[in-house]
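Okay, got some structures for you below.
One chain, chain A, links the two complexes that follow: it is found with chain B in the first and with chain C in the second.
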Partner chain A sequence: MTTITASDSWFKRTTRSIHIPPVFIFLVVTFLVSGLLDQFYSDGQIFSNPAIMMNIIVRSVALGIVAVGQTLVILGASIDLSVAFTISITAVMSSYIMKGETANVPVALLAVFAIGAIIGLTNGLVITKLKVSPFIATLGVSLIVKGIINATFSNYTGSVPKSFEYFGYGTIGSIPVSIIIMLLVFLAGWFLLARTKFGAHLYGVGGNSEVARLSGVRTDRVLIGAHIICSMTAVLAGIFLVSQMRSGAPWVGPNGLYDLNSIATVVIGGTALSGGKGGVWGTLAGVLIFGILDTTFNQLGVNPYLKMVLRGAIIVLAVASYTIRSKKEAA
Partner chain B sequence: MATTTYTPPGGVSNTLHNAWVGIKKIPPVFPVFFLIFIVLGFLNPVKYQSMNGIMTFLRTAAPLAVLAVGQMFVLASGGFDLTVGAIVTFVVLVSSKLLANDPANAFPAIMMMLGAGVLIGLVNGLVVSYLKVPSFITTLGMMLLVRGAALYYVGGAPQGYLTDNWRAFGRNYFENVPVFERVPYALLVMIGVAILSYILFNRTNYGKQILAIGDNVRASQLSGVRVRLVRVLTFIFCALMAIIGGIMIGGYGGVNVTIGEGLEMQSIAACVVGGVLLGGGKGSVPNVIFGAFTLQAIVNLLNMLGLPKPYTDVVQGLIIIGAVAYVGLSSQKKR
Partner chain C sequence: MIESDQINTTENTLYTEPLMEVRNISKRFPGVVALDDVSLQFLPGEVHAIVGENGAGKSTLMKIVAGAYTPDAGEIFLSGKKVSFAHPVEAQEKGISIIYQEFNLLPERTVAHNIFLGRESSKLGTLDVRKMNKEAVEVLKDLGVEKMISPTSLVSSLSVAEQQLLEIAKAISFKAKVLIMDEPTAALTYTEVDLLVNLIERLKQKGMAIIFISHRLKEVFDIAEKISVLKDGKLIKTVIKKDVTPSDVVFLMVGRTLDHYFPPLGMPEDFGDVALSVKNASNQILKDINFELRKGEVLGVAGLQGSGRTELAQSLFGVMPFKSGKMELHGKAIAVKTPSRAIKNRMGFVTEDRKSEGLTPRQPIRDNILLTVRSVRALLGLIFKDGVRSSRKLVPMLGQQVDIRTDSYDRETQFLSGGNQQKVVLAKWLASSADVFIFDEPTRGIDVESKAGIHDMIRGLTKKGTAVLMISSELPEIIGMSDRVLVMADHRIAGELPARSSEQEIMLVATGHSNDKNAEQNASAGEE
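Entry: the complex of A and B
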């Protein structure tokens, strides 16, 4: 893709040869600017306190886990708007089934992963077999799941046992378990995309579905698989959230805007919405950018509504930094 | 139609066949809507078989129809507009402060809102056209920005109430109208919007160019369509419709911080039920208006059947999937 010519500057040659996606530069800039602002206008914790760095990452765990799944479906030129309510149903169902008893944990986990698999399978089947555009298919499924939870639960339901809070609060050495799990999910996503046949096929389907089909890829199966994995990551994120909150409530997913935020982080991470281009590491950077911004806004005591405005502007500008050089018209 | 059709002599079967061909051309949204409305009429004759009841229904359904028409322009050009719901919230919240409880401020407030609509649409359009950010992301960011700005301006809670003359567009009726008994302002606004957008979409170059862009950007560019200009105009049109819809919704529902939530998806759903394809290249003003009516009729039907509100979501989800699946599968058969 990118050719390296002698006339380019040393910096350009080096960065191109090691393929740093622009989002990592954006990440470093965000970190430095945030740290400096914090230094001047607040107590300078971002640069001096390692605990706050850890906190930034812990805040990003739920979003990070879903974003891996979202990366997969977007790479396949699909999209998943149902992750927010999948998170909600997971949080509510798991704490409802656990009822604070450690003995109920395996059943609860089995149940929520089964629910996740069904949601993902439905998404995939509706998209591939009924030929419904992914946006509408997953929006529809999301409405259905939303209706089902809101009809059944209206507030905090059940609770998780003390032992289960290990996922949300436990540490191994000085590193929180949640961070390790998130990194494992990213590694798994990377492995799936870069080292397996499924990953190669997924890139093919996202790049040009017809070409992939004609070269013998079972495009429908690949897309259904990606959707099932995506729903599974949403379930995992839901489990993490409920272990932190100790009890599940139906508004966990939509209040965190996990559907739109995960899509935004994936696109900021350099994965094309049209599919076939990108990967999970960019998404990780995107998620961390969101985490740093959140923490900085809190440090500086930015008004919560102004925070929303800034977030919106930053999403657009971050994506614009890639797309502005594109020669194709956007739609 | 100028086309001459060959009609073989006589034969009942032929007439029937021709009638069938004609019937098949009717978009499914019309029979579906009338079917639901007839069911409503059977279940509650007092409410849905009287002119008064029909007018009340149209008053409730009109705002979504206006939002959906705006959304359709953007969808037909191949984009998305997720700012619609945030704009409705913006209109209601910011107006509640601008009005300062004084009816004399209604006109300037509405003008300022329309100005804000042009500005929001302009930003959406420019970012998509010149920064080449996909409209999904652009309008997602703008959704946060617009909602955040509105909440910031009013400090997180509504300031004052909406004056009665501001609310008239969504709430009031012309009384004692012959035949129709009473006509809601909202219906007249919607009819105005419908006629204007029908002309824009079907009778002007601009409308044809929207469809051309939605169908194939490159081809339309090469044939001289000013893609960027058309896109910017389309986003401005959609934002203006969202402002008008917002004034009607605020009039009907009053001040509420969450008033616009989810309307972007509902307007897209109304378009989809009206046969619009995501990805562009297809659209029709009357079908989309009836798509919005159908969604509203379904909500009313479920309410009447006594189903709790959450089930409305389930049924709406099934309906929009069904609508798209129907279009997708029937167009596949033809190929």
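Entry: the complex of A and C
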């Protein structure tokens, strides 16, 4: 018993004195455990091969970009279940409009960002003006988008020009372009939250909407803005995916489980589902944890269904450990 | 108006012009007149306390002044100019700031972010955090608390007192001329209150008009120059502090005869053995609780808001268990660590807030009544529509006993009136056949007729030998019902009074004046 309490207080003291959110410790532990397992039961590439590390991050790019948007809406005490089909509609529409021609790229991008803006605006308006709970509002919008895509496209449609694949496969020096873009999105998310009025107001709306309103914050606008930005990140993720796949398919969003996975990474990252607390760097750690787990399971050849079970268990345990910890701190 | 003219002539201040004035304000809510033709003047550099019982209309008046409600009739003048507010932000911009009873801070944000929420400084569209922190220090310096509170610390890391100071800092950072404090001391300890008193002195010297709402008369007398008493939405009188004593004010607050019939008190032969005894019990909130509750007795628990009344009930019932001390039920030592333990020991708890704790409003009446029965004895874990065989007739029987007015027990409970809902809660606990009952505000917010019914029922329970602990903020109810009265103050039992003690006697103990010899003399003087 004494050793447990001693280590506990040491752990608490260290984390509190240097302000490391628990998710980063969790990230390091995941990496070390995964590496060791890989060392003993597989070829040990996780520790020895930097390329595999890079691969872990590249696999996480689409999820990472959406998760930034999801972080914003969840901080505002909302949620967005429509990101998966927003990704799908982006993927099919952009490759459909591009038809393999570089000249069509600007039109295609303009079109998909416009679609994203409309989806985000609809989500925001339904939530703030019609007072529908965010869960139902975005689920409804998601079903509408799904219906539209499925009625129009059934499989791979159109293609992207060779030049456009730069997003998915290009490198600057030895670093993939996609990683740089993802980091830029995270940086933008951090800037928005920490360094703009919009961010300060979003924390207010999520923390206590009434307090924010009485302080003169236009709460509806802030939340609509967050939803538009969230849909835009989904569009960006869709563009990245289509540039990797070379052609858009309607199932790319739902198959990647981008809706639930983005929510899970945000929560693992320490952002409160009730809003008002958290940030994008925790989400980045959550995304990397997912990437490391995926890669490790692949390295070890874990059965795909068992993979899901393990991933589910890890999510639940991680989040439970935070709440237990924060309860202890409160007591 | 005539009254306020008199005030002006008696007041010896440099300023004769009121900073803010309300004239003939009235406000009704469905079924009640919350404010009836109230006129008041607030002078700069003066602390004006507003006192009154619960429901007297204090908070409604303040919400009107702060722009959260619009009055049905009447006018507000600010420095002689007529104003009206559509939104609290408009009142804030004109220099009226209010600190509400419940905290209005974002716990996960920094002090600076909280102070400047909604009006952050920015440079080229980006937040100027450095400037905000600097200005926050200035605001905190105004209060002289810049050493206690850092602009960059998270609000959740501050103590309750520091959060209260931050609320004040935020309020005056709007360049407030009028500062309204609604029960600012409810959550503070006495040493923290001293800090607040010094602060208010400082704000007074800056020429602000301060409106101070409090139940604690001792503080009202420490802080205020002028005291206005509201009762049932009407202004009873505005008095100058130095001309009156606490008991005068208490008399103005409660001065009326009991307006409602209560059943006769218990006779000495009704009282049996000790059913529940608590010795030296304490937990994180309550300190050193000692009392005995006898069979057949109604033991009233009075005390001001925040004195620990509700917490006492919750501790006894295992919601917030005692951590030390002894508790005996019918002579046997027990430890009630959870509500289900309490129910198994045949204790019943009728909660203060029936919407959140006492009822599941969307469930039928039947299921609500059977809730306690099912939690202690369900047949093999199965639930039957009417409970198990032995309790099949229970619902209609109890429904009749407490007189629930409904066409069907399958109706959702939320559609009943407040009084009828309270009867469902009672029926639920009767079903558990408890023999020690705790009532927390048994008649809050229900109509007079149901009130009388519930009072008769409580007395009916004690006639059968049940022991009843009744917590109430309504003094007439305490006096009308209790065979003995415990008065709580500052999370302790401050004193015990016999049946039919007067409201003044109870209030003096509850406001901490009973230890004060002067106050006692004043009290007897007031009664003469």
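Please note the rule applied: the second predicted complex is superposed on the first by the 310 of 331 C-alpha atoms of A that agree within 3 Å, B and C clash if a C-alpha of one lies under 4 Å from a C-alpha of the other, contacts with A are read in each partner's own complex, and residues count from 1 in each chain.
FYI, a contact is a pair of C-beta atoms (placed from the backbone, for glycine too) under 8 Å apart; a residue touches a chain by one contact, two chains touch by 3 or more.
All values reported here derive from a predicted model rather than from experimental measurement.
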item	value
Touched partner set for A:R59, first chain B, second chain C, both or neither	neither
First (chain B), second (chain C), both or neither touched by A:N208	second
Partner chain(s) touched by A:Y305 [first = chain B, second = chain C, both, neither]	first
First, second, both or neither for A:H227, with chain B first and chain C second	neither
Which superposed partner A:R246 touches (first chain B, second chain C, both, neither)	neither
Residues of chain A touching chain B in the complex	126, 130-133, 135-137, 139-144, 146-151, 260, 263-264, 267, 273-274, 303-316, 319-320, 323-324, 326, 328-331
Chain A contact footprint on chain B (complex, rising order)	77-80, 82, 127-138, 140-149, 151-152, 156, 213-214, 217-218, 221, 227-228, 265, 268-269, 272, 277-280, 308-318, 320-321, 324-325, 328-329, 332
In the complex with chain C, residue positions of chain A that touch it	191, 194-197, 199-201, 203-204, 207-208, 210-212, 214-217, 272, 276-277
In the complex, chain C residues that touch chain A	88-89, 92, 104-109, 113, 117-120, 122, 125-127, 129
